[in-house]
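What follows is a single structure, and I will ask about it in a moment.
Naming follows writing order (A, B and C), and every chain is counted from residue 1.
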Amino acid sequence: MTSGSPSLTVSRLAYAYPDGTQALYGVDLTIERGERVALLGPNGAGKTTLVMHLNGILAAGHGTVEVAGLPVRADTLREIRRRVGLVFQDPDDQLFMPTVREDVAFGPANLGLRGAELDRRVRDALERVGMLDAIDRPPHHLSFGQRRRVAVATVLAMEPEILVLDEPSSNLDPASRRELAEILKSLDVTVLMVTHDLPYALELCERSLIMSEGVIAADGTTHALLADERLLAAHRLELPYGFAVPAQPG
Amino acid sequence: MSAGHHHPIYRPADTPVHRLPPQCKLAAVVAFAVFVVATPRERFWAFAVDALLLAAVAAAARVPVGAIVRRMAIEVPFVLFALAIPLIGTGERVQVLGLSLSAPGLWAAWNILAKASLGVVASILLAATTEPRMMLLGAERLRLPRLLVQIATFMLRYLDVILDQMRRMRIARESRGFVARDLRQASVLAKSAGALFIRSYERGERVHLAMLSRGYTGEMPTIRDISATGRDWAVAGMLPCLAAMTALLAWSTT
Amino acid sequence: MHVPDGFFDVPVSVGAGVFAAAGVAVCLRGAKRELDDRTAPMAGLVAAFIFAAQMLNFPVAAGTSGHLLGGALAAILVGPYTAVLCVAVVLLVQGFFFADGGLTALGVNITLMAIVTAVVGWAVFRLITRGGPRGRATLVAASFVAALVSVPAAALVFTALFWLGGTAPIEVGSVAAAMGGVHLLIGLGEGFVTALTVSSVLAVRPDLVYGARGMTRALTLRTADGDVQVGPAAPEAPSAGIGLRPVLVGGALVAVLLAGVVSFYASSAPDGLEKVAADKGLSAQEKPHAAEDGPLAGYSVKGVENQRMSGGLAGVAGVGLTVVAGGGVFYVIRRRRRAADSMTPASAQ
């Protein structure tokens, strides 16, 4: 482990889909260990494409991605996928095993863990999202908010270097939304969350990136970015009605 | 098949039958069905013995008779077919209640009714006492191709999700005044089916990505494994063994 | 309609079981070649879709409704190998988890509803799409014929199995006529719904339709990097799947062999049903079905003295007739498609 390197370094990343649609035009970003960063941007900005590169589902057309100093390449995929925990938007996509226990165990088992060590990982991860009670239940018997928490647990069980969440607050009722925020704040990992939910970004992330048309268009404190109305408008981002960015907490 | 048949039959309980390892139960029920089919139809007593065997299992598993009978409704189309055989069958005719019936046809109808009923009750008892997840693990233990078991696993996991989508589409159709009357409306239903296929396929792709993201390399890890002791096999084996003895006895007393 | 236990004797049940197992094994390898490590999730989801689609009831007429069998539809949408696997898994799950369909009849059920419908459906589909003009109209028409033919094909195989090891003393001729007649009707519904479903998928995501790979009019995207062909990992895939010729030749051989050899032996069976028919000619028993009787009813050719030979010949002739009928449909469709080449897709319906 190269403890000195940032959790995530993306440089000059460009990508075009096989059908010729270009989605990324040179993305540069660095996320330090322990940071919580929001990735904001309108639909079609290339956010999902970028996320797909972080654990090697898509291979860079040009440029590089490094996770804690390890470049994403065909021969490093296994380790990269352990280090990058991807939480999908629809928990039903993520929870594909018949029971919560088996689902959370799927990742660590692929890493070669078995027996007591595997069991410890599973329980530990479920404990951290407050879902240990549901360990033997089938995922489709859980509420949407519970499923999202279990989805977070499935990647936590791999003890990732960085947690990448795609729209973590979508479809959650206010209580589940708050519970998830508390869980995310309590975790001691680097977090990159892709979201349209600007207040959620403000609550959870000190720093934000705005992605637009395949490049990082702005990078700064979430507070500063959200206070800049012209910047938001230029990238089709809007604060919810009645929401005012609170004064800088110092 | 109607919409009601997708509800799983499993009835949670803690009985010796429920506790048996699934691979033992699976093998026992399949073997039982084979021996029942192999029993000569002229020996009524043999089928009575088989029915008693199943009754004993049902009692041990505390599966109520009502639940079994309700599930047996699935047989109805074939019962109707079986009842028609004596009417359209060939061979020597006999007079029953003024109807001219084919004697071999009557035998055939009895044969199908008896064997199909015993088979379906055995299947119901298996499904009622075995959690779906355990059934899959049992199938894997019985050396069914792993890929096949995995396909079934994914299918069962997403069945409810897809049926739910289908239900939502139906509500959307009906809330806009759609009523399916004749074949002309089939195109609307077919569009729903097409959309359902696209959604299922795309979800398959996303599930695959989610699997890749957690280190999937083409092999599903074995996370749970259930072993069966010799005693388990002996207990489960009683059902097919007794059925086999019944069939043998029935043949030898011809 | 799932065959329960007790319908077929043990040899036929076991034989069909072995055949089904071999077929599924071939398809496991084939699907894995096509889908690679995606096989389990993709086939699982498609199987769940088929299970759900079978529950959609389509109104036919006068209050009756039918539902989809889905073998041909699956073959056209995801390819024959995956289709067989998906339908087989649906049947296994129905048998073991829902007590629907006898466990000893699983082999028969998988053979009929997974293997025969998917393979016949696919072969017919390819035959038409190869010969017809490119475009959506051909694909939709081919889907219709493929699904239409797949259902009576399964019914015919059912009849053949019934002949070999059915437990009921019914004239095979009447079984064939009844099964064939009823299933031709069911096939019409199946064809209609399959064609409409394929058409609606083609309208939105033509890239997902396996049978349309390389068959839809070439799509090009104008991009900054110049024109790019659409369809990332989908080169002329069907040729990489089951080649058409092996399927046709193999299918024809198996059919002729089965029909000839099997009828030869079936005729000699002690209670062989067609023996009765041969003795009595078109006997009184068959009168009620006279309307459905053809010259081959009872599967014995009049004027051929040797009963065994007669049965065998009838079988072969039956296969020949089926092939001619299928070919005729193909020829007509092809000509009409040519004439209607410039027509817009779905308007042909």
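Simple rule for what comes next: contacts are C-beta pairs under 8 Å (C-beta built on N, C-alpha and C of every residue); 3 or more make two chains touch, one makes a residue touch a chain.
Just so we're on the same page, UniProt names per chain: A = ABC transporter ATP-binding protein; B = Cobalt ECF transporter T component CbiQ; C = Cobalt ABC transporter permease.
No experiment lies behind these values; they were computed from the predicted model shown.
J.: So using the touch definition from the top, which pair is joined by more C-beta contacts, A-B or B-C?
T.: B-C
J.: Based on CA centres, what chain would you say lies at the far end from chain A?
T.: So the farthest one, by centre of C-alpha atoms, is C.
J.: Using mean CA coordinates as chain centres, what's the gap between chain A and chain C in Å?
T.: 47
J.: Based only on mean CA positions, could you tell me how far chain A sits from chain B in angstrom?
T.: Result: the chain centres lie 43 Å from each other.
J.: Using mean C-alpha positions as chain centres, tell me how far chain B is from chain C in Å, no decimals.
T.: About 24 Å separates the centre of chain B from that of chain C.
J.: Can you list the chain A residues in contact with two or more other chains?
T.: 96, in rising order.
J.: Where does chain B touch two or more other chains at once, residue-wise?
T.: 132, 153-154, 156-158, 161, 203, 207, 211, 216-217
J.: Which chain C residues reach two or more other chains?
T.: Chain C, residues with two or more chain partners: 41.
J.: For a test of understanding, state which residues of chain B touch chain A in their complex under the given definition.
T.: For chain B paired with chain A, touching residues are 132-133, 136, 153-154, 156-158, 160-161, 203, 206-207, 209-217, 221-224.
J.: Touching residues of chain A toward chain B in the complex: what are they?
T.: Chain A residues touching chain B: 52, 55, 57, 78, 81-82, 84-86, 88, 90, 92-94, 96-99, 101-102, 105-107, 109-111, 118, 138-140, 154-155, 158.
J.: Please name which positions on chain C make contact with chain B in the complex.
T.: 1-7, 9-10, 13, 24-25, 28, 31-32, 36-49, 51-61, 67-68, 77-78, 85-86, 88-90, 92-100, 102-104, 167-171, 174, 189, 192-193, 196-201, 203-205, 208, 273, 276, 285, 288
J.: Going by the contact rule at the top, pick out the chain B residues touching chain C in the complex.
T.: 1-3, 5-6, 8-9, 26, 29-30, 33-34, 36-38, 41, 71, 74-75, 77-78, 85, 88-91, 102, 104-105, 107-109, 111-116, 118-120, 122-124, 126-127, 132, 135, 139, 145, 147-148, 150-159, 161-163, 166, 180-183, 185-187, 189-198, 200-201, 203-205, 207-208, 211, 216-218, 220
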